[in-house]
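The structure under discussion is supplied below as structure tokens; questions concerning it will follow.
Labels A, B, C, D, E and F are assigned to the chains in the order they are written; within every chain, residues are numbered from 1.
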Amino acid sequence: MFFHVKELQFEAKPDRPDPVYAKRLQELLGGKFGEMTVMMSYLFQGWNSRGPEKYRDMLLDIGTEEIAHVEMLSVMISRLLDKAPVKEQEDAAKIPVIGAALGGGNPSDVIFASMNPQHEIVNGQGADAKDSMGVPWSGAFATASGNLMADFRWNLMAESQGNLQVSRLYEMTEDQGIRKMLSFNLARDIMHQNQWQAAIEELQADGLHQFQVPSPFPFDRVNLEQAYTCWNCSTGTASQEGQWASGPTPDGNGEFVYLADPKPLSNDIGELDQADPRLHGTPKQPMPPMSSGPNPISGQDIPKNVKKSAVTSGGQM
Amino acid sequence: MFFHVKELQFEAKPDRPDPVYAKRLQELLGGKFGEMTVMMSYLFQGWNSRGPEKYRDMLLDIGTEEIAHVEMLSVMISRLLDKAPVKEQEDAAKIPVIGAALGGGNPSDVIFASMNPQHEIVNGQGADAKDSMGVPWSGAFATASGNLMADFRWNLMAESQGNLQVSRLYEMTEDQGIRKMLSFNLARDIMHQNQWQAAIEELQADGLHQFQVPSPFPFDRVNLEQAYTCWNCSTGTASQEGQWASGPTPDGNGEFVYLADPKPLSNDIGELDQADPRLHGTPKQPMPPMSSGPNPISGQDIPKNVKKSAVTSGGQM
Amino acid sequence: MFFHVKELQFEAKPDRPDPVYAKRLQELLGGKFGEMTVMMSYLFQGWNSRGPEKYRDMLLDIGTEEIAHVEMLSVMISRLLDKAPVKEQEDAAKIPVIGAALGGGNPSDVIFASMNPQHEIVNGQGADAKDSMGVPWSGAFATASGNLMADFRWNLMAESQGNLQVSRLYEMTEDQGIRKMLSFNLARDIMHQNQWQAAIEELQADGLHQFQVPSPFPFDRVNLEQAYTCWNCSTGTASQEGQWASGPTPDGNGEFVYLADPKPLSNDIGELDQADPRLHGTPKQPMPPMSSGPNPISGQDIPKNVKKSAVTSGGQM
Amino acid sequence: MFFHVKELQFEAKPDRPDPVYAKRLQELLGGKFGEMTVMMSYLFQGWNSRGPEKYRDMLLDIGTEEIAHVEMLSVMISRLLDKAPVKEQEDAAKIPVIGAALGGGNPSDVIFASMNPQHEIVNGQGADAKDSMGVPWSGAFATASGNLMADFRWNLMAESQGNLQVSRLYEMTEDQGIRKMLSFNLARDIMHQNQWQAAIEELQADGLHQFQVPSPFPFDRVNLEQAYTCWNCSTGTASQEGQWASGPTPDGNGEFVYLADPKPLSNDIGELDQADPRLHGTPKQPMPPMSSGPNPISGQDIPKNVKKSAVTSGGQM
Amino acid sequence: MFFHVKELQFEAKPDRPDPVYAKRLQELLGGKFGEMTVMMSYLFQGWNSRGPEKYRDMLLDIGTEEIAHVEMLSVMISRLLDKAPVKEQEDAAKIPVIGAALGGGNPSDVIFASMNPQHEIVNGQGADAKDSMGVPWSGAFATASGNLMADFRWNLMAESQGNLQVSRLYEMTEDQGIRKMLSFNLARDIMHQNQWQAAIEELQADGLHQFQVPSPFPFDRVNLEQAYTCWNCSTGTASQEGQWASGPTPDGNGEFVYLADPKPLSNDIGELDQADPRLHGTPKQPMPPMSSGPNPISGQDIPKNVKKSAVTSGGQM
Amino acid sequence: MFFHVKELQFEAKPDRPDPVYAKRLQELLGGKFGEMTVMMSYLFQGWNSRGPEKYRDMLLDIGTEEIAHVEMLSVMISRLLDKAPVKEQEDAAKIPVIGAALGGGNPSDVIFASMNPQHEIVNGQGADAKDSMGVPWSGAFATASGNLMADFRWNLMAESQGNLQVSRLYEMTEDQGIRKMLSFNLARDIMHQNQWQAAIEELQADGLHQFQVPSPFPFDRVNLEQAYTCWNCSTGTASQEGQWASGPTPDGNGEFVYLADPKPLSNDIGELDQADPRLHGTPKQPMPPMSSGPNPISGQDIPKNVKKSAVTSGGQM
């Protein structure tokens, strides 16, 4: 079970309110690669884990830390939605993002028009479990497959995509308070990239998995003729210039083969059998109206009297 | 632009219809890590690419190949939904999956109850862009960040998760025709895992990126004190036993530090300012009814006469 | 505004409970082409209509009738979920769908395993706004474009897809009560197909629109060279055999031209400009770490002191 | 079944077009707590109701009224999207929201940039079944559980959240026409809050339910030791200061007990059994490659010859 | 921030595997009223809270406890998906749910056909953030409005709906281990219903809010004539029989008035202005083709030469 | 299988960057009626087709062409997101859309506030599989029913809605490069409207289907009395003025009949049976607490000792 400590892991104090930035920051909270996604993924990976304890413990350590990151972002977003005190408002006129449209109107109007309306209407100056476009976080974003090699690759990827997004958001503000917090997020995402890479190597060192997912794996199941061929499915051969097109494969089991002009391996043109007339699809030839006969699912005859009783009376046809 | 060749890349011929397996196979077509996801991800990564041509070309090669995989799965699913000929139906009684409940009923009833109803009602014995539980494929599954290191990690991960799912589906059938096709899918997923790993190494060899995403990156932006610390956020220290807790970090820039008993780095308890009374949130102290005053967004006074006219007549209060 | 009359438009009385069929019937209520979709589409088309009153009135007539169809299906589903009286339960053993697995177990177990769990857990023997796979109805299914020609084509299509689904569900049961209600649904869907076709012709007779959507339309905006060419983008020329490949076009403005071996019309290979270094995408050549400079969005310099203060202390690098 | 009356329940005439406000107003139409949600919830609660007629009748009364509210909002949104007449356009320059950015550009450009693009592109100046961020309404928002106490609590809550949103939107405009309509919505939401509270009391007065949901309920099923304990799962004991931490419980059955320093009630650390090797998860110890053996689902042996035939030819390994 | 304790709050040990029940139990984990929903709602309500500390602290207490409930359910689901040892399998033949279809097939086949395929294919015998029909949890389920009265009503409702679902799931199994855990869940849901009711009363005792949401509120904004009228929008007057139709209103401010035969309050029939021709909607009268003129958004003339250059060459019209 | 040709089908070169327009253009790529929708629909219709080869071939031709349209839009969006060169930036001040708010701020600030944040944060200046409001494309948008008449109506409708959207987007820009590409899209959508109409006529000429979907169809299943009646469900009879209310029906089988004052055809008021007490719904009369008895699903008695053991100890009640 879990316990909460009142202090944030790291402080979340912007220099001033900025509701347009609050909208953007939602991406890190409720986006596909945001903190909710890594939090729920690591926790489910830990809870579902059937492997050695050290992996399970680490997953729950980091998953628990990520709850604190959701918390930090939530507090930061709420503070960015604060009503600015008067002094700040006046200063805002001199700051591009806040005072964008000071020509003939009111400085807050552009913000009014551009901010996430739900931050006010739905959440009353608070954060929500949604991304920067207002799309709700989805449980489909969490990943936990039961195979730690596959999942640690997901984790390494997610920290990479997440850190990329933090870096982009860092560029989009000059608010020192926001940047201070993001510099902490950057640090943790660097750490976690390193950590998942180390864990990938540990799985191999422990003999639990090799490079390929899944592994160990009975190779006699695989169509090995096609396990190392690089199909050039587009015009030009620029794709031949990388180490993915020739030389030894990273799994140590083969050599890349470049197929410059590949052909289909089958003569199966995907033609399908006649449609079942009882499902009213389009047949290959004209068909008489299907009138009676066995039920398409149960295979039983349709009782004649059912059809009669189903039509309550004659019509004009 | 694109051209279609009639032949399937590899044949998709099951030994016999099996609508329950057709339902399961939808996961590989329209699931989060199914063929639609890798097809759209690689194509968008290619179309959006601003890097060297060889990467862009390879992305479009593989993305184009994946359209053929969607095609193969779609044909296979349609054939698994075929109406079995009489001979097959009789045999079905002897095969566990098909003839599950032959005791007192009809062999097809359990299948009727268990199959995906949309395969008949909506698609008329055809495949759909949904997963094995009938949830539609989502554009949120496609990933294209503009940073090839982040995206190649996604690609490596996706081929790993996808191959894991193919392997599991391989175990769930004894139909040699299905297994023959899956042995081809296994081969291609092994190839693509190797290919993306080689591409990750190529990015580094080309000097475009280093281990960390994003890179190159100005490290003076990062809170470096926390870039290599491993926070033990749960009871027990099993998580200390891996190479993620001590020793050099994979990026070559530091040493892991294990914080066995970490404390928050801030004394910020996340307290927020008073709610704006005009948004009707809960205040810290009782408040008189808000009656008039500036508009919370535009900062303009609410005209007195508006409120009067808004109430068409007196009530019983 | 609206008023409700207690009686159903048509009776909704199944002969006996059938929870597996109840699950399937949800497709007609909350599926993409179910009654909720046509109800909300016709109502929004009517409410949003800026055209002649007779169209608006008809849209609201049919939209209002469709609420009654949602009602009928909801009642039918609830009744299919009723607890069968003892007599019915005994009879069930003789009916394939209900008594599927009477061999060594309880007749209701297969139903328990196959029914929609939410019908019991979430709705307590009631209907829900979801399809036959439990996916919630989406507001994206409703269509109202402001152009009645486009929307009447949607309406004709939706009644066609809907009627096809009703026909398929009719085949899947032998329950006379269900079939009686479905025979009414079939009649209304036939009527509405005729009605929308008549309305499409009326729009043209009234001179409001021609065949093409949108119309009237200034043709000097169109790349007319490509307005009647049929591109053969796959091997083989079977697609040349239809009246879509030669002869006059239905809009009366041209002749179909079959391009048996089409080529791209451009030499634009889609290459993109260099990535903005401040967004940390992959560049065309190796780049030094981006350190400072103008904010990528506002174009303002990043103040030097921000970066210093953002890093709270030195690290081990 | 239903009938439509042409007149709106209450007039929906804004003083002037305001497409940015139209975007915000979508929250009341297609948002989680908007009119579509209460309309569909009350209708489903009524149609699914198996309780006394007076509740069913009231549910259908209010559900039917709510269709009229969807209609009012739809008309209001369409009118807010009207092309403003010239006179209005000139006035716009003097009104902050409309004329935001008059400095160097065109008054409509900020509106163009900020409005919901789908209001023009998809709906042609009309409303849609989506929220203020363009996310489609979901059937998951409708609630109908079969238990009227649970559902009336949902109804009371939904009218509360909805009225809160109406109040916030009221603050965001100075348009007297909009405010006139919202003053009607406020009145109806006040009425409905009162009505659902009265209905909750009626359920108890009728002896159908008590405070607890579900009730009546066999208390011997409950772990009563934990039915009135307040677990302090965070640092500090501010949560002890409310009447939820001591004194009699609202259900009249117990006394609140505050656990200031709670401990887990179990010594179950959630460890799971070994992974099934045929699902290729991560095992607790290194495993040999799984080669053959019974199918993980059916328990049947995998035929040896299947694996051979599945590999079409030898590879380079 | 948060810390994890290894022991589960309460043990989660089923007597035996039951994958069909595991599918159903997902409703309590990832359904609309499942533990993820209350966990995220209480945490966001706490993090976003701008009211007195005691409420914020309680919200974070209970939100933190709910993470432990997600954990318990996740572990329980994983264990229900365990491969049963041989002894259990043999016993299964005697237990209806497991051995449903022993007649002519394999006892596990019905389970294979009926279980959630993703539990094996996607999660490898583990839980996921989805409901019992496989639909992903949505961020739209979390509720945090900034108004504690509205939110505590949501909380009371959610615990009611959730407890109803626990009770129904309790009925659906005879497994003593599952029931033992559910008896704990029942206890906590009873506690939380009491707690939120006490908190609602505390808000009123503290003078922060009254019955109505939002409150305090300036009543001169409300159309008071319609604040206590009960509109009978359907045939029959059974809805007049409850205390919601006459007598004092729960808010103490009025008397219910029953309108047995209500009429629209407006003569606004919702007619809209002419469609903007540049958006190609359907007009009220036939229109000439729109050829040029001001851009519909910016109001600027469309340059004549643009249109010419946009058509690369003449066509066959 | 598929092959890619490097050249775009038609060039996609805007005159200058315009990130706000890029946001709008996403509707054509990932919206409900965008290119992804027609691409996947035509491909699935082709792959699932069980009818004559010429239809299948045409479907795959057009489906393959549509992949090229997704490609063109993706490239166009990426280019609209390009960083404008300095010269362009200076010019921007004179162009309304770009330089909207030049009064007191920076010309890019309004764009910053109004653009799709994910175009930078998530995609790094690239396109995504989402609509103009950032909502991900859904697999539910693809349509393939197995009945070509129903599907060709869908195709005709989709090209109509799509072309309407292209026309509206054409109006919203003065960029000649964008308009040049859209003039090609307009041409192809005109072609495809003609082509699907020709294909609808071909299906009838081939004797495969008649006007009605589905057809051929056994009319003795239909409640023919209601197959041609026009129900006037709203006040007023403006809906009587169209050819849908009298005269011969388009299917040639009947005459429209206008029911000016229709009544329900049933006296079924939708009343449901008593709720099953074990599902804890609201009953018609007060009920004693349900204590024991058969399991609601399996019909088996709940063992007495289970309930005892489920309560670990006595409580304070």
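Quick note on the criterion: a residue touches a chain if its C-beta (ideal position, glycine included) is under 8 Å from a C-beta of that chain, and two chains touch if they have at least 3 such contacts.
Just so it is clear, the model here is predicted, and its values are computed rather than measured.
The interface of C-D is repeated, with over half of its contact pairs matching by residue number, by B-F among C-E, A-D or B-F.
The pair with more inter-chain C-beta contacts, choosing from B-D and B-C, is B-C. For the pair subunit D and subunit F, the distance between mean C-alpha positions equals 22 Å.
Once the centre of each chain is set as its mean CA position, subunit C and subunit F turn out to be 5 Å apart. The residues of subunit C that reach two or more other chains are 1-9, 32, 47-48, 50, 53, 55, 60-61, 64-65, 68, 71, 75, 78, 96-97, 100-104, 106, 109-110, 112-114, 120, 122, 124-125, 130, 133-136, 138, 140-141, 145-147, 149, 164, 167-168, 172, 179, 183, 214, 217, 221-225, 227-228, 233-234, 236, 254, 264, 270, 272-273, 275, 279-281, 296-298, 300, 307, 310-312, listed in rising order.
Interface of subunit E with subunit A (complex): residues 1-5, 7-9, 30, 36, 40, 43-44, 47-48, 50, 60-61, 63-65, 67-68, 70-71, 74-75, 78, 122-130, 136-142, 144-147. The touching residues of subunit C, when paired with subunit E in their complex, are 1-6, 47-53, 55, 100-106, 109-110, 112-114, 116-118, 120-122, 124, 130, 133-136, 145-149, 203, 206-209, 214-225, 227-228, 253-255.
Remark: subunit E residues 5-13, 32, 53-58, 60-62, 64-65, 68, 71, 75, 78-79, 82-83, 89, 106, 108-109, 112, 120, 124-125, 135, 138, 140-141, 143, 145, 147, 149-150, 153-154, 156-157, 159-161, 163-164, 167, 170, 179, 183-184, 186-188, 190-191, 193-199, 201-202, 205, 211-214, 217, 221-234, 236-239, 241-244, 249-251, 254, 256, 264-270, 272-273, 275-276, 279-281, 296-300 touch subunit D in the complex. Of all the residues in subunit A, the ones that touch subunit F in their complex are 20, 23-24, 27, 31-33, 93, 96-97, 99-104, 110-111, 113-114, 131-135, 164-165, 168-169, 172, 233-236, 264, 270-275, 279-292, 307-308, 310-317.
On the side of subunit D, the complex with subunit B involves touching residues 96-97, 164, 167-168, 171-172, 174, 176, 179-180, 182-183, 278-280, 295-298, 300, 302-303, 306-307, 309-312.
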